[in-house]
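Sharing a structure below in structure tokens format, with a few things to ask.
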Amino acid sequence: MLTVRRLDIADARSILAGAARHAEEIGVPMCSAVVDEAGVLIAFERLDGGKVSSVGIAIDKAFTAGAARNTTAFYGDESRPGSPGWRIQGTNGGRFSTIAGGVPVVVDGQVVGGIGVSSGTADQDVEVAEAALAHFLREAGITPEA
Amino acid sequence: MLTVRRLDIADARSILAGAARHAEEIGVPMCSAVVDEAGVLIAFERLDGGKVSSVGIAIDKAFTAGAARNTTAFYGDESRPGSPGWRIQGTNGGRFSTIAGGVPVVVDGQVVGGIGVSSGTADQDVEVAEAALAHFLREAGITPEA
Amino acid sequence: MLTVRRLDIADARSILAGAARHAEEIGVPMCSAVVDEAGVLIAFERLDGGKVSSVGIAIDKAFTAGAARNTTAFYGDESRPGSPGWRIQGTNGGRFSTIAGGVPVVVDGQVVGGIGVSSGTADQDVEVAEAALAHFLREAGITPEA
Amino acid sequence: MLTVRRLDIADARSILAGAARHAEEIGVPMCSAVVDEAGVLIAFERLDGGKVSSVGIAIDKAFTAGAARNTTAFYGDESRPGSPGWRIQGTNGGRFSTIAGGVPVVVDGQVVGGIGVSSGTADQDVEVAEAALAHFLREAGITPEA
């Protein structure tokens, strides 16, 4: 039998609160999603004005970061034409995302969940996802990993 | 040009808080979803222990209640073999739900969103959805409609 | 943070060995699948002569038993016309199965995975799934739960 | 009437055992799938720690190698922009994979099945797939083909 750790609902609410706060600071109404280490959705918020088309993208980014255990930006680099992982986007029934804005949540060297943000530019999405992660780690008293 | 009213993120948070409170009271960890009047997801929470298979069901119930402007229990009745809505389940790319636990949010005679709850029995799902709606209306100072 | 227990690969191999042994005893070449508590596939076998159309059905039964935490036979009863869960089949992107032959794996009161079997009659599928579960529990020295 | 040769369950178990052994040697918990010459799944294993997002990718790589009778790396080359197979990825209901890590099993000049591996880098996936194939051929006393 395996024993695994994963984000709980209180962790997910902390992450969404961090995402909302940073999204408001930069003035971009985001869609933000939090999944557990199996890629299953725990919590989601679309701020007022968040794009309809970003609901699914945010959830897919979070799925990818949690289930494939790396940033979606990493998979974006890995999937350029000629790269080994080219065409990984769209696998998993279309849910594998290679668009920047998905980041795994790593605690004690283990991926315990994923965050996905969408509605701004790729840079804004990444910035909000990282701010949400930093906010959660700070609230939980966890030292960020490299 | 049309002007439409719809739930905002503060309303959705109030609904999810009401759902979580009632779910805890009855001891059933629920998946709860809130959509706007276009059926688009605003917010979602899976409480600790909520079923993996209920994530999509809760979102589909909310979609159906908001977009088709009636309870999913109503559509369940309407879709019995021989009834006029027979086979409406599964339309809309599989998202139309006829399982009880989806309720529309009605304000001033207009559907402004939908709530979907899943993880318990059908009766428990309906009870939590209605408690979430009542909690929101109370907090917002809105008189419930019949 | 949550801590959850789930089947590991050794557990899954034990379950598949138990399924294969019983399938051979009754002379029905089965498709058997094992998932973890999030419904994610760990291991699968189609014995020589197992039906092509049963590959997906076995995997879906296992998904449902693990993710929705009950037998697929239970959900079959719950989803008869007029019952509250009617039409739950086909949710979750078509993966929710209400065909008998899926059983959850319960240890210390927690669902840690699911087993799905398909290729025989419904009775044969259930029989093999239960034999596979019993074989695993016996090998692991775990007392079966009611 | 045609008579076709295809991998049986004993062959598939040998392939998965070879994959697991090599995966452990290089320290990468892999998802490995084996299909027959019709592309239909015979057996699958996700080792402890294998990525959730690799379950479907491994199965799709095996499907492609068995059904399209070449390595997925070959189809990756063939499907570069401007190449004749451009856009073949994603055909077959999304199951055609052009990500390296899928290899056909060839015996006496005939494709009798396919192997797909996913969870590591593309190079690691290919290495484990080839080690699994070599292990099977050695156990079965079959001389590898060029």
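Lettered A, B, C and D in written order, each chain numbered from 1.
The definition used in the following text is that contacts are C-beta pairs under 8 Å (C-beta built on N, C-alpha and C of every residue); 3 or more make two chains touch, one makes a residue touch a chain.
Worth saying up front: this structure is predicted, and the values here are computed from it rather than measured.
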_Homomeric contact chain B-chain C: same or different residue positions, threshold half_ = different
*Higher C-beta contact count, C-D or A-D?*
A-D
_Can you work out the whole-Å distance between the CA centroids of chain C and chain D?_
25
*chain A to chain D: how many Å between their CA centres?*
30
*For chain C, jot down the residues that touch at least 2 other chains.*
2, 8, 38-40, 93
_Graph class of chain-chain contacts, one of line, ring, star, complete, other_ = other
*Complex contact set, residues of chain D against chain C*: 8-9, 12-13, 38, 40-48, 52, 55
*In the complex of these two chains, what residues of chain D are touching chain A?*
48, 51-54, 56-57, 60, 76, 79-81, 89-90, 94, 97-100, 121-123
*Within their complex, state which residues of chain C touch chain B.*
2, 38-39, 63-64, 66-69, 81-82, 84-88, 90-94, 96
*Within the complex, which stretch of chain C touches chain A?*
1-8, 11, 36, 38-40, 93, 107, 112
